[in-house]
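Two complexes follow with subunit A in common, the first pairing it with subunit B and the second with subunit C.
Let's look at the complex of A and B:
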């Protein structure tokens, strides 16, 4: 096991974690501000990926594809918020889970209706394809490195938005006391639609960016959704900082676990059994991590509310 | 408005009438559908004890459903291959006898529910939903990567297991077994709710602090309810595996946990007949809409949305005119 391989896997884990952060940031914002569990967030990820693949196929431009993903996911998010989600803010968590589960069914089957069951493909743009040589002679795909860069830029942008702008102040105030900021003259329903659309746009962006590495197909959102939930629960629901740290932890655990756990078991088991036990444990690793965190801190690493 | 007791009795009568009618006109597939609905209803009755009475929204009950399924799968697999199950310290013979399989399924899922409950009940609210989901996913991935029993492909059992005095291969006889199990579980839940334990549990859902003030431990009440709930869902899993003569990791999937919750909400949370009505409607819709269009999930989704937005309390809530069972 060489240092280069370990370094590559760490970068892969970071890239995966950063993409999870794009999903988790929206989820945690929506829960923090509106108190809503949104299972349909994975569908917005899928909408972004499909919009990007479709526009890239029609125009051939990756930039247009990304813009289309952002726009389509934000529009779908705003529409869903106005038609359905708005009626659920005061409802019990149970009703929210069910209604957004229903939205998943509608989105998934609707997409299958329009685009068919076969996966679409989104190509990595010419300028970003191929490897790049990092210091130390490590070759790493340029596109994946770009993803890490985009994710960090989004994380900084979100920090700036919530900590330094007027909208950010309103969002944070909305988390603490929604009656009070409504009394101060902030249009709370417009703010909610905006936050929901913002979260949706981030999910759509993640879908488009990841869609270029994997195939774009119906149902691609659910595995990511579950992991994004794991992320925000580890980080503490409502905390963007927690989502960032949780996302990196989950991304690294998942990627490194899959590579190294079978190797670790080979130290004291025969090869076949070690591979089986190791990969079984590796696929369970993030969930073990999450339950360990929750047993240790029942509201996550940075969470305050239940 | 109709009293809940009548709704329960009418539902069960209808549940019995449909397969009997199907038997008369020789439509065995309808009997199989009714059996499927009865088993799903049984699983949801289990969840309803945790969710409806105890207020624990578990998104991981597929773990117990799957454990029950694999209890059946593993025991029957060793019986059909004539190799005893080697547990290191001792070996267990496989079996094709339903009562033995059921007891194993109940014991295994109760034990798992005790462990999962012990750890999960440290959290509340959304965190509880998510930690139960995480445990369900652990079982899912474990089953996928466990090659001995088929891994991702699952495990096929060639002949349905046997029950003394009955021929389980005849659809109506297997339906009878499942229907009796469902009625027994409903009777159990009915007695449980009226017992001191059930009353205390009901109170613990509404206010943990008050229950603690009178000297009871809400955690212990909820844990016991979670164990009972898991055991019933586990039994349903064993029956479900026997219905299909097949077990696979999809029995552990989180979509299944979600579906169980859906069944309860369609029917009415905490209602005796809630899961039964929900399961019957779900299976009927699945069959009817699935025959009309390949995209029946869209319509199912729309119906669910309408129920959540406009019919709080589910079907039983609509019929009785009360949103909840607790007056």
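Let's look at the complex of A and C:
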């Protein structure tokens, strides 16, 4: 196995991790600030992808598609928060799970009703297609490098927002003590709607960016949602930094595990059986990582609350 | 959409009090991510029923949501309270394995419009089970045969890690005579193939064979086209059907895939089917739609020849397969699976629409590897 291949796989792992971060950041903010388990976060990812595919089909512009994805997901998020989620903050986690699970079904069948049962087409823009040659002769898709760049920019922006702005101070205060910041005169319900819409917009952005290299179809958000939950559990609930580190860990473990475990098994097993066993074990790798982190630090890497 | 009665059958029920002579229960996937396939099978099936103008066939349609437990519940309900004579419609092999053996054991007929898991073709075959589509391995075997004629000598092959994925790679290897550069099992439902594509780039293979049905194939093809790897790709029709080609776009152009049906197969039944399907539903039919259409026409031919209450006569009528298939000649082998020609086709663009063009025959009058194990 050449170093070029290994380096390329590390890039793949990073890119996957950074896309997971866009999902996990919103999820961890919502969980951290509002104490809400939002299973419908994957649906907002899907809404972003469908909005992008629809606008790209109508206008032919990828930039407009991204703007539409952000706007549609943020609007859907705000609407859901005002109509449904707002009634759930004081409810038990089980009620939240039930209600947001219902939202998944409503979003999925609603999207199917509007866009039909067949996957939509969303392509990467002409200027970003094809591979580039990196130093060392590594050929890597230009679009995936762009994804890594966008993800890092979003991470920096989120850090700036939470650490350096007034809204950020309110968000962090809301995480610690919601009664107190309400007593200080912050309009807590507006703040919650804002955080929810922000989280939704990030999910929508991830959906649109990933939709261009994957398939835009009903139910596309749920597999990502599961991994995003793993990420926030590893990173520590409510921590943006934890979500970033956790996402990179999960991305790298998943990608590199999928490559190297079958190779390891091939050392002492027959090829067909080795690939099957290795692949099966690779799909467990992120969950094993999560268990290990939880044994070591029960609140996650950067988590404050239990 | 809870229950749909065939329009003709409903009218007949209203006109006379006589119940329909044959009641068909269709269990298929109409919601969620896999709904495109079930909808195509249903639409193809109902088109044939409508065209026959018959009022003695009643069809009850239910959505299995791609879940085996729901499919089993629906089958129980259809057999016990709806009292259907014939079951059909299931798309996925794992659902078929959950429903078919119990249904046939209760004396019901099952006509499969899609799934053809190997146990039902071999040791677990049953006189009342007829597969109108293919045995699961068939299209993969044909792809292996095509790769030989195309002169490929070293294939990189990949499929999801589940029973149909293992069957796919086994099927390909059964007919492919060249070397296997590497054999990968990906996660079921995986959407990112960057890691696999990097391995393909490094493998030194001269061709790629993949079985990634539905959304998985869309993701793979788009990412593969963008990666700069330019090895020729071969696949079964499941990643190149009419429903998903538009979502893949230009990334699929030129890819050779294997299918028992294509819209340009030259026979009058097929020409009429393609035209009427387009007129009725406003889209081109897929292979799934053709399978639904053929299944309904097989049923109609049997209803014409025998009374469903006489199970032996009805079974003989089904076995005769005396109907005009969209695939041309159609016959059942000893295990009630089709013996048919499988074609190689190429993805082309016709105007705005991406579709397939037949290149030639990949396997002539092909049966399956399990027929010998079937004792009925």
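By our rule, the second predicted complex is superposed on the first by the 306 of 306 C-alpha atoms of A that agree within 3 Å, B and C clash if a C-alpha of one lies under 4 Å from a C-alpha of the other, contacts with A are read in each partner's own complex, and residues count from 1 in each chain.
Keep in mind that, in the parts below, a residue touches a chain if its C-beta (ideal position, glycine included) is under 8 Å from a C-beta of that chain, and two chains touch if they have at least 3 such contacts.
Keep in mind that what you see is a predicted model, and the values were worked out from it rather than measured.
Enquirer: Looking at the overlay, does A:4 come into contact with subunit B only (first), subunit C only (second), both, or neither?
Expert: In the superposition, A:4 touches subunit C alone.
Enquirer: So in the superposed three-chain picture, is A:109 touching just subunit B, just subunit C, both, or none of them (first/second/both/neither)?
Expert: In the superposition, A:109 contacts both subunit B and subunit C.
Enquirer: Touching A:287, do we find subunit B (first), subunit C (second), both, or neither?
Expert: Only subunit B is touched by A:287; subunit C is not.
Enquirer: With both complexes superposed on chain A, which partner does A:226 reach: first (subunit B), second (subunit C), both or neither?
Expert: A:226 sits against subunit B, while subunit C stays out of touch.
Enquirer: Touch test for A:214: subunit B only (first), subunit C only (second), both, or neither?
Expert: Only subunit C is touched by A:214; subunit B is not.
Enquirer: Does subunit B (first) or subunit C (second) touch A:259, or do both, or does neither?
Expert: second
Enquirer: Quick one: classify A:84 as touching subunit B (first), subunit C (second), both or neither.
Expert: A:84 contacts subunit B only, not subunit C.
Enquirer: Is A:12 contacted by the first partner subunit B, the second partner subunit C, both or neither?
Expert: A:12 contacts subunit C only, not subunit B.
Enquirer: Quick check for you: in the superposed arrangement, does A:246 touch first (subunit B), second (subunit C), both or neither?
Expert: A:246: touches no partner chain.
Enquirer: Which positions of subunit A sit in both the subunit B and the subunit C interface?
Expert: Looking at subunit A, the two contact sets intersect at 108-109, 112, 276, 279-280, 283.
Enquirer: For subunit A, which residues count as touching subunit C in their complex?
Expert: Residues 1-2, 4-5, 8-9, 12-13, 15-16, 108-109, 112, 117-121, 123-124, 129-131, 139, 141, 143-144, 210, 212-220, 223, 255, 258-259, 262, 271-272, 275-276, 279-280, 282-283.
Enquirer: Given the complex with subunit A, which residues does subunit C contribute to the contact?
Expert: Touching subunit A: residues 31-33, 35-36, 39, 161, 166, 183-187, 189, 191-192, 194-195, 198-199, 201-202, 214-216, 218-219, 222-223, 226-228, 243-244, 246-250 of subunit C.
Enquirer: Can you check the complex and tell me which residues of subunit B touch subunit A?
Expert: Its residues touching subunit A are 51, 57, 59, 119, 122-127, 129-131, 133-135, 137-138, 141-142, 144-147, 254, 258, 261-262, 265, 269, 295-298, 300-302, 304-305, 308-309, 312.
Enquirer: Which of the residues in subunit A come into contact with subunit B in the complex?
Expert: 31, 37, 84, 87-88, 91, 93-95, 97-99, 101-106, 108-110, 112-113, 226, 229-230, 233, 237, 276, 279-280, 283-284, 287-288, 290-291, 294-295, 298-300, 306
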